[in-house]
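Note that the chains take the letters A, B and C in the order they are written out, and that residue 1 is the start of every chain.
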Amino acid sequence: MATEIGRDDGQAAGAFDPLKYWLILPAWLVIGFFLLAPICLVLVFSFLTKEFRGGVIWEFSLAAYDQFLFDRGLFGDEPPRIQWTYIEVFGRSIFQAGMATLLCLVIGFPTAFYIATRPRRVRAVWLFLVTVPYWVNLLIRTVSMKFLLRDSGPLNEFLLFVGVVDEPLGIVNTGLAVQLGLFYSYLPFMVLPIFATVERYDFALSEAAADLYADRWTVLRKILLPIVAPGIVAGSILVFVPSLGAFLAPDMLGGAKNFMIGSLIDEQFNGNAGNWPFGSAASMILLSLVLVALFFYARQTGRQGRA
Amino acid sequence: MKRVLCTFVLVLFATASAAQEKISIYHWFEYIPQELLDKFSEETGIEVVMDTYDSNETLLSTLKGGKLGSYDVAVPGDYMVKILISEGMLDEIMPGELANFGNIQPQWVDVDFDPGRKHSIPYQWGTTNFSVNRDAYTGDIRTTAILFDPPEVLRGKINVLDSRGELLALASLHLGIPQCTSDREQLQALDDLVQGAKQHWASFNSAGAKEVLVSGEAWVGMIWNGFAAKARAEGANIEYSYPREGMIAWMDNVVLLKDAPNRASGIKFLDFLLEPENSAAVTNYARYSSGIAGVEALLDEELLSQPEAVPPADAPSGTFVEVCDPEVDKVYDQIWTRLKQ
Amino acid sequence: MSKVAYVKRYTGFLTMTMVCLTILYAPLIIVAIYSFNSSPSIIVWEGLSLHWYWDVFFGIESGKFKTAAWNSLSIAVMASLTSTTIATAAAIGILRGRAFRGRNLSFMLISMPIMVPEIVTAVATLIFFSAIGFVLGYSSILVAHIVFCIPFAYLPIAARLRGIEPVFEEAALDLYASRGQLFRHVIFPMLLPGILAGLLLAFIVSLDDFIITNFVKGAGIETLPTAIFGAVKQGIKPNIMALSTIMLLVSIVCVTLSYLLSRVGSHGGRE
């Protein structure tokens, strides 16, 4: 998606050239006023003072970032130590998002490959099958996942009935449940870019390698993978980035022990913490992480584009 | 085609801003029956919209976060009424404004969180303890150790309320320390206690407190007494505990919020809830106890004898959650923040 | 031939595809099945019934769901129409104008709602509205939706526009067509499949949104996702499963329509 938008075709100037600024202006105004300016305001808010029992005071303060980084003890008068709890929340989010990306890759790559190698007519149908669930409301998908995985839910009932397990697998409220939820949320983002690159891949290359007595898996690893790598990278970024700030899957499937960034931020605004400056600071840190990921991605694709 | 589209959009805008006499209620979840709200609309012609929250602290932070001025009435618990008054977030109810003011049970008129009932009217009262699944655990449950130092089998199957006031008050009872103590050692002990117990807790869930017990996702659940009764009625084999260390008592109150957009509707709603018949409808639905006189005859019979409402003779009396002074409250805030992450 | 088959066929890939489809569909199908359960409990199966569908439309909570559905639908219609108009203009301006300084910046700005994590957008919008004193309510949701729908509408429109050769415009200009005529009679008809696809995408994205709506909704205003979230927090109830199944069907119908539409569209483009 990122590459789609960033593509600059430089098409011939047409009749609309004199009007171009006017045509782009509404988009500039709407996004600039209602998204760019607000994000700058979040940055400002992250440096404000939290009012006792919620709300903000317009007074400069580093308290939000201080709370994020340093532990000054229960009474706030001990010498500062590194505060690991929030770093852990971020670390956990990165880990969960990474695991979800891996899960998407392990299941999504073979799927994308399989679909891309079907005859053209059937391909569209397969692709349709894989993308349909994505268009179902995310909340409903997450709820359905929870319903299926519950201790007394259909999956456990089935496993108990068949006799595979003696007691319900406690999947809900574990990291695995969160990863499955994230997988369910963003799988098509992995499948589609990989599909696009495999579809364009010229299988004559593989044949040539096979002619030289490379076995199937060597062909896959040495010939195909390097060529479709951009698709894999794109897919991974597209899954990883939204997973990092996801709210629904960790909130509904994760329980208290799988607290992720999304819930941390939500708690500051909708929960009972009511600490807007801290929530703003956490948002800014999340945003910087995402920008770093996107920057590396842009550099990578930029390099490939030039090569 | 274009004209049809334009008309459609216009109609959308028009209906979106259609005006009617309204009331905007901010209420605890699963507490007031929809039928009662419908009845209010029918009697007064006022359109009811309601949002819900699941802890006193959420109510406070939402209102402070900019929603004050968009709701007319809310239903804070006792200590939260005191805080909202001190924050200047409640409107005053003028003497004589409520026709049914006399229906308040005498013992609930002069309460220490709102002397003389200038800002609130009583709604329902009850207790906060925990229920234990009797299929999973048959031992002694009349101790707060079930929550804070649970026996092996119950570990990891415990849900606690996502409510700072009640949880820390119950923890204080467990330790036998006064609430809002400013003693550093006691505060440290409180922090150590909840931090140590946290590893045994599966979730902080108030809205789902009933559901996790019914579905068996949790075997122990910190819960309000009426909600526990509902869970039992839905088939959970659970017993509501009356710990010897003490228990939390509370009273929810209906208040008129400052800058209410529809103050007159709010007053009508308060008067409506002061009628025994309507208060009894809430009690029958939520299974707590009403603070209005004359409801007894209108209550479901089983309500009077349900174990969640009738403590054993030797149960200690309930303790109300206290409002700490700012210095201590900041430490409480710190304990809670550390606990939640 | 056999060689091609050799390098295209990997043992286990079909299995993985099946695993993938199972994970994708099992939860939805199971919920759909349980929505026909007559029992009020979600654990026990008591037999087939349409009771919970009746409950969604006529039960005690139906009023709430109907209002929420109406809010969702009207917001999605207005947000998608507005954002598609803005996106169409922007696409023509960006792709049909001579290269200029702010062009890359414009790309970035338009794609911003996709790049920024949803929860950050939600926080930003909430803080902004409260800082400028914009009362949260129906219109705050609408504005937020218009903003994040723009890139989703832009993508298919821009893709389509790139595929239209400028020769058509040049030919029309040679025939002394005015700019208005050029747009109405040449660009718009050719761009229409892209515009419709963008409209539909924006519409679905708006219907789907939970996080941002949950932050900026005002007192008493719910959309279907926030109403469902509120209900599900207290446990998954059978009426929610019935409602989910209805929404599932609506989504599938929408996607199928757009799929067919895009096929028709691409044929039209080739002619």
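Criterion: a residue touches a chain if its C-beta (ideal position, glycine included) is under 8 Å from a C-beta of that chain, and two chains touch if they have at least 3 such contacts.
None of the values given here were measured: they were computed from a predicted structure.
Set against the Cα centre of chain C, the chain with the most distant centre is B. Remark: among chain pairs B-C and A-C, A-C carries the greater number of C-beta contacts.
In this assembly, the C-alpha centroid of chain B lies 37 Å from the C-alpha centroid of chain C. Chain A and chain C have Cα centroids lying 18 Å from one another. Residue positions 42-43 of chain C each touch two or more of the other chains. Annotation for chain B: residues 65, 215 touch two or more other chains. Residue numbers of chain A whose C-beta contacts span two or more other chains: 152, 269-270, 276. Residues of chain C that touch chain A in their complex: 3-4, 6-10, 12-14, 16-17, 19-21, 23-28, 30-31, 34, 42-43, 85-87, 89-90, 92-100, 102-104, 106-121, 123-128, 131, 143-144, 146-148, 150-151, 154-155, 158-159, 162, 166, 169-170, 173, 179, 182, 204, 207-208, 210-211, 214-215, 224-225, 228-229, 232, 236, 240-241, 244, 247-248, 251-252, 254-255, 259. Listing the residues of chain B that touch chain A in their complex gives 55, 57-58, 60-62, 64-65, 83, 87, 162-164, 184, 187-188, 191, 198, 201-204, 215-217, 326, 329-331, 334-335, 337-338, 340-341.
The residues of chain A lying in touch with chain C in their complex are 1-2, 4-17, 19-24, 26-28, 30-32, 34-39, 41-42, 45, 106-108, 110-111, 113-115, 117, 126, 128-133, 135-141, 143-148, 152, 154, 180, 183-184, 187, 203, 206-207, 209-211, 216-217, 219-220, 241-242, 244-245, 247-248, 252, 261-262, 265-266, 269-270, 276, 279-280, 283, 286-287, 290, 294.
Taken together, the chain B residues at the contact with chain C in this complex read 5, 8-9, 12-13, 15-17, 24, 26, 29-30, 34-35, 49-52, 54, 65-67, 69-71, 207-208, 210-212, 214-215, 234-235. Residues of chain C that touch chain B in their complex: 41-43, 60-61, 63-64, 74, 77-78, 81, 130, 135-139, 218-221, 230, 233-235.
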